[in-house]
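After this come two complexes, each holding subunit A, first together with subunit B and then together with subunit C.
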Partner chain A sequence: MKLLNKFKISLPPLPTAPPTHTPQRRTLLLLTVLVAIAVFSHFLLGHLVIVVYGVIIWALKAASIARVAAAPPRWMVMVFTILSFVLVLVLYGGWNGQRAGISFLVLLAALKFLESQSLRDYYLVCLILLFLASSSFLFNSSLMSIVVVLCYTIGTIAIMLRLSDPSPEHHGSALITSSTILVKALPLAVLLFFFFPRIHGNFGFIPSQDDLRGDSQLNDSLVAGDFANSAFSNEPAFRVEFEGSTPPKNLLYWRAKVMIDERNFAWEVRRPDANTFRTVRDMPPRTAEEDQLIKYQIVHEPSEDDFLPYLDYAYNPEHGMQLPDASVFRFKKESGLFAYNGEASRFPNMPEPQNQGRLANQSELLSTRSVPSARVQALMRGWRNNARRPSDLVDQALAYMRENAFEYSLTPPGLGDDPVDEFLFETRSGYCEHYASTFTILMRWLGIPARVVVGYQGGTQNVVGNYLQVRYSDAHAWSEVWIDNRWQRVDPTAVSSLGEQRISQGMAALLALWEDDLIDRNAASLTDYLNPSSYERAIRRLRDSWDNMGYQWNKWVINYDFNAQKTLLTNLGFEHRNSVYTLLGLLIASVMAMMLFYFWQLIPKAIKLGEAQQTYLRFIGRLKKFELLKEPAETPLEFAERATAQLPLYENQINEITENYLQLRYGKDPGSLEKFQALVKHFKPTSKPAGNNSIS
Partner chain B sequence: MSDFVIGRRELYILPTRIGWYYALILIALLAIAVKFDNQPAFMMLFVLASIGMVAMLYTHNNVIGLNLNSKPSRSVFVGENAIFPINVENKSRSQRRAVWLVCDGYHQLINLRAQEQQEASLKLPTIKRGYLNCASVIITSRFPIGIFFCWTKRFNPEHRCLVYPQPLKLHPFPEQGEASSAKSLSHRSISNAEDYSGMKPYQPGDRLRDVHWPSLAKTQKLVTIEHQDRTGDSVSLSWFSLPPNMGVEDKLSQLCQWVIEADAADLRYQLELPNHTEQFASGDAHYHKCLSTLALWESHEAA
Partner chain C sequence: MPANQLDTLFEKLDTIILGNSQATRLAVACLLARGHLLIEDIPGVGKTTLAHALADLFGMPFKRIQFTSDLLPTDIIGMTIFDVDSKKFHFKRGPIFTSTLLADEINRATPKTQSALLQAMEEQQVSVEGRQVNLPDPFFVIATQNPLEQSGTFPLPESQLDRFLIRISLGYPGPEFEKALLSRTARKANQGQEPLIDQDQLRALSAEVDSIHASDAIIDYLQNLLHQTRHSGRFVTGLSPRAGLQWLQAAKAWALLQGRDSVLPDDIKELAPFTACHRLHCNDGGDTQEQIAEIIMQTEVI
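Let's look at the complex of A and B:
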């Protein structure tokens, strides 16, 4: 203390916290609504029992607020708390898990709300609600959800405003003020978002990730009939943005899985083993001319799939490991959306030879579980006789399908014991699995190594965002044959009637065709789809816009990870710096700049004196030398009276200036400012009696 | 009359307890966002953090630049609340909301529109006679969302309140010095109705029997009956007429009561104290002079 006095440092006064008060009933009713939204919307995620339990707790408090009754006794709150612990433990089998965590948070909010009595309790309820709203992103991070969460945040902040400001006349504007605060916070938030270093870490006390539910994905096995179901799943699988223009649809083969093992017209993916990985390690990197590559970026929806779709044939996949069969396998599964860049050769039908033209597992690629029937054998014998090269066999098989009017259909008749025979001679109708399976089996019987490839074909171009949207309904299967020491893609579906449209126009066109009736199809509706009316076009544009907003959101926000941040830094010109320090520097600099800006912007400023006031002050200044000082409480008229008493010679001038000033400032019909200024300008009182003073 | 302007050096700001909890929630949210690498959670974290920072500026700017000045306060009797009028002025273009004026346990909520000024009346209890200095005034606010609060340096209003002794009726009103007055007093006590001249709001010191009780039941206000003008009557209110075994404060209280009664009866009166006499006079000025003499009796403060 002595030391402080010595250096003349005075300690600031001890903090005085503002007095507290009882929250108003209307505020509490609004808070009740917010808690209700939190509790009721929990049924989307949590266990039904938890929701019902939460609603009971909420209803107790709501009733006590509505009837202005006292808070429930302490033992009751204790019982409820213990019961909610037990419920979460029993229903979720423990604490670990996001769902258990969020259920507990919801119950915590309801319980805290139930026992709330003082101002601080209600503040805490608001804080729990804010936390709850923010953590809901672990389950749903769509664009819609952030809008909802932001609105909820505004509501909660408005409640906090009303808790901080007990004057009831402001309560109507609480929502406006909280929106203003949010709007002012958003630029800061955006800066923080882009510059805050993304670190990886694991915190033991946070509940761990729940297993993803089996969302739609490509199956690891291909059984005829599977895709027919997925054809109606309009869920997006991934979105692609190409560097440059989008390649034509019939080249868009998104290769995901390669199937070698056939089992009675069904195919299965072989999962890579240690041996495969060793082979991969020894494989020389594949190179291609830079200008022959199609480059693109894929933003993939959350998926559990091990294999990633890449445009056929993929070069140097960024994400995952390319296996010898050119499919791409990933080890680490992302919990949400993920993005990766891809490169594909511009000439997908001519991939370079692999392994010096030698097939390691030729016998597997030729094995089948069935033998061709007599009819099929006769057919194949005919093809063999006409073929000089292996590629002739492929052409003949395709020609056979084309000439015999094979049909592409999502509702084909079922196949019996010998599916190849029945498909080739009887039904002649099916979808991609039938074609790919039949064709691959035929090729193997003919001695050509062949395999089935599953992935997606085509996609829908989003005209607004200029990207390609690939849905699960775009799933497709085709064949690859080993001819001339290289794998070649053959899509037997393309030769069937309507199958050709499937490839060139996309599945969406066919689905539009079948929209009304799956059996009856006419060519007119396909033309309608491809040449839409202006109304239809507007609707599609609207739908594209909405999808585009979601896509941009995903691309810039959901997917803004460590790598994206690095790219941003590079674009800003901080390429060779240590990124964490650069980021921290940028973060602090930008946030400080922003805060300073706000500080000056928001700091209350005194209203500047108007021109008239300044001129009047000049007039007062002129009178200073006569020791005429205007008291702050004096009105201009009173001052004029005093001044004229002392300077009777200038009575007229003083009176006129005062009158003009009052007219300018308070008069209904303000006079001219110039005249007033001129009057003051010519007012030059001297102590000597001025004989020449004229009254202007 | 100096204004107390709340400048940047007069203003302090800290998070409230709720503010620390808010920080805790932000940390938890950061842990979640990092653990699950969840970008929307990061986004919400930064939105909430920015809301906190903007709220801090709001809290600071809500109070900065306010002008305080005090106004003279009316004298009161011991036991009544001393009222210190404090003028709070907002010279800026933005409105100020939910500002608390705190003064020694008394607090008042103030809302100011742009360029508005308001008078807050600080009520402080009085427990002894003499000058009462207003306790220091502090402005504090937790606007807008209660996660920060700011408080100011102490403002000590320069005006003080003179507290008169508490009127106590321990002895009857002394006999008037002149014969005519004595007659008149006894006359008044007998026939009140005759010299009735009107009603006035109750003032401390009015005799209980003058209170018009039926009006209290009707209007909830204390009203006393005023009696006719009695100029000409005079009385000496003397310290020495009180029994010597009375305490000093009791004597002062009794004299105070007599001054009130004498003034109410519009008598000419003099106040006799040891070593000091207020000469015969009447009227407001004399009344207050006598009362302040009593209030400051044997104290070292100048009147």
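Let's look at the complex of A and C:
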């Protein structure tokens, strides 16, 4: 306290008793709105019954506030509480899982709000709301959600400020104050973000069973019709940044899953078993020349898929384990989005030495569930007669499709009992699944080992962020055939009409085309798409900018995990484990520094001295050598009195200067500053008396 | 010139109240600032003499009320009585209808009576049967109270002490002055002084007080001091804005008495014990004068 007085800082007096004033009705109504936002937005996460129940509790309280009615009786709140327990237990089957926890928290907020009567209760409601706001990050940490949560937090703090202040005239600035509080906390948040020791892995929360989302993955089975639906899903799957320029679209085959088991035109992924892993362990590492590799980094959206997309063919994938069929399998699923680096061969058909050129499971790769119809057999016989090498068979099959005007369509006619026959001779229209499926079965009938590969093809280049965005609509299926002791990629879709554009321009171009006119697919609109008007280009650029913002946020903020922090710390010189303590020390020190900074701001700034004051200080300075120092609280008159008593020789000068100064600073008519300055300038007291007055 | 008039006034006053020129000047400053004076002292040090002298020298009618516990508000303000001759009610003015009122031992009266006086002081008017009756202008109350004798008194609450612009105490005169006082033959000699300043001149002087310049610098200084009384934790409650206004008003009157046209920090400082202290209560029961002095010592001024 003494110290504070010394610095002339006065802290507001501490309240002797907690405030007990009744909260303003307006504030309560605003709080009602905040609680409503919390309860209603639970629609996005929680069970519908929980939300409806929460809304009922909220509505009761809202009505009682609106009509200024009394709080509900205790027993009623009790019944509501017990019912909440039961509901959460029944609907989620227990307490484990984030959803159950957050649902309960939402109900808790509503219940506490219902029974609130005193200030303290309402504070508690606000605290629960703040906790709820932060818990939303468990589900969504996009840039947008940050903004929303920030706004919500500012609102909640403003309500707390309004609650604590009984005088409504201060309420207008509550929002500003709460924003200021958050801004002041920002440096600390940044510091903690970078340096607070991060936990390896997933936060320790068990993702609830109900968290498994089916929409964010490629299916493990390929049934005709699947991709047609996903084609309209505009959700991003992942984003890729290449080292160097992005390869041409027709090389961008993102390989995810390999399917070898066929059943009636449907394909299935075989999940790796212990045997597979043993084989993987014995596989020699695949090597390639550095300059033959395309390097890239993928930031993948949250996904439940076990298989990771890599550019065909992947070399030594960083994340996951490469299986014998060259797909990449991950054992541990990240809860949020994740990033990994990839390398692919620059030459798509590069020989792939595997098991010394033998196929371990040749019989599986040749097996089919159906037999070719007479027409198909005749067709194949023709191809066989003309083929000298297995690769000729592939060419002839592709040539057949090209010559017979096969068409790429997302809305093909349905296929009957013998889909291969009908597709080859009658409908001649389909999308990648039809082509890949038919082609693979044909190859197997012809005695060439073949398999279906599912992944993504192409993507949209974001011109703002210079990265490739791959959406679920870019999902694609193609074939691989075993010829000349290596797997070769064959994409039969590419030979169909429009299929070629699908591959070379990307799905987005095709969708834009269809969007214009689903029936009349003239090439003009495709040209329009590829050569957009300036307006269209601006719109696209805007869209790209928005997506880029999200991407950069994901890449730099969300993706800053344990490993990224470790890299950063190592780069900063904190290599050892026990340097964590040094780091914590530094953290505490910086927090202290920040507090000091804010404390410093509390200290009233020195009064800016005017020219008159500065001149007067010069005058005082001249008297220093006579050990005449002006006390801070001494008025100029008092000081002049003391000075003249000690230096009677200069009495007139001192008095004149003081008078002039007082006139300048306190007088009605300030007088002349120049005159005062001149007086001070000529005031040069010496320790010896001046000549004409001297005694000697 | 007013300066000359004031000089002769003080000369005269100093011959009446011996050796207490500061108290007399403060009393005059209080009168010029249109405030009311509280004299806190033991009996017999010249309170009445001072009040009388002021009234006489300024040519103002003077009345005195000795406050007792059975004094009623009507004893001060007056009452409505029925006149049998004219068969009409008519208001008989009480002693408060005067320009100088000495309220002797104000703390002896009941709060009800006290507040009747204090309301009149604040508003310069009294209510009679729901009617507002103006009091003369100038209206100057000099109240006294005995700080030692506490039995049977009703100490003035802070809110009412706040109505007094200046509080002084006269104290014992110095030895020479007391000798001079004792050797004086006729006590009556002091009474019935010729007025030196008439009421119009007094009003002009009061107007002059209002026109004394208070610069931004002086306002800053005063506000700083007020802030300190509120937030230093020394006092139960800090000085009110009204106290601040009165402090400044008193300082202006003081500056006028010094022959200046603007307030200096010295004026503020000098008047602190007389304008601030009676409005404050120390947290630890200590001496308000000391605490105020400490605050002034810690407040920078240049």
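Heads up, the rule we're going with is that the second predicted complex is superposed on the first by the 507 of 696 C-alpha atoms of A that agree within 3 Å, B and C clash if a C-alpha of one lies under 4 Å from a C-alpha of the other, contacts with A are read in each partner's own complex, and residues count from 1 in each chain.
Keep in mind that, in the parts below, contacts are C-beta pairs under 8 Å (C-beta built on N, C-alpha and C of every residue); 3 or more make two chains touch, one makes a residue touch a chain.
Since we're looking at a predicted model, the values are computed, not measured.
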{"item": "Touching partner for A:F277 - first (subunit B), second (subunit C), both, neither", "value": "neither"}
{"item": "Residues of subunit A touched, compared between subunit B and subunit C (which is higher)", "value": "B"}
{"item": "Contacts of A:Q613 with subunit B and subunit C, given as first, second, both or neither", "value": "second"}
{"item": "Partner chain in contact with A:F242 - subunit B first, subunit C second, else both or neither", "value": "neither"}
{"item": "First, second, both or neither for A:I146, with subunit B first and subunit C second", "value": "first"}
{"item": "First (subunit B), second (subunit C), both or neither touched by A:F626", "value": "neither"}
{"item": "Residues on subunit A lying within both footprints (that of subunit B and that of subunit C)", "value": "12-13, 607"}
{"item": "List of subunit A residues in touch with subunit C within their complex", "value": "1, 5, 8, 10-13, 607, 613, 616-617, 630, 632-638, 662, 665-668"}
{"item": "Subunit B residues within the subunit A interface of the complex", "value": "12, 14, 16-18, 21-22, 25, 28-29, 31-32, 34-51, 53-55, 57-58, 61, 64-65, 90-94, 96-98, 100, 102, 107, 109, 111, 114-115, 138, 140-147, 149, 151, 153-154"}
{"item": "Of subunit C, residues touching subunit A in the complex", "value": "213, 215, 217-218, 220, 227-228, 231-233, 261-266, 269, 296-302"}
{"item": "Footprint of subunit B on subunit A - complex, ascending", "value": "12-13, 15-19, 120, 123-124, 127, 130-131, 133-135, 137-138, 141, 145-146, 149-150, 153, 157, 160-161, 163-167, 169-170, 177-178, 181-182, 184-190, 192-193, 196, 198-203, 205-206, 209, 335-336, 557-561, 591, 595, 598-599, 602-607"}
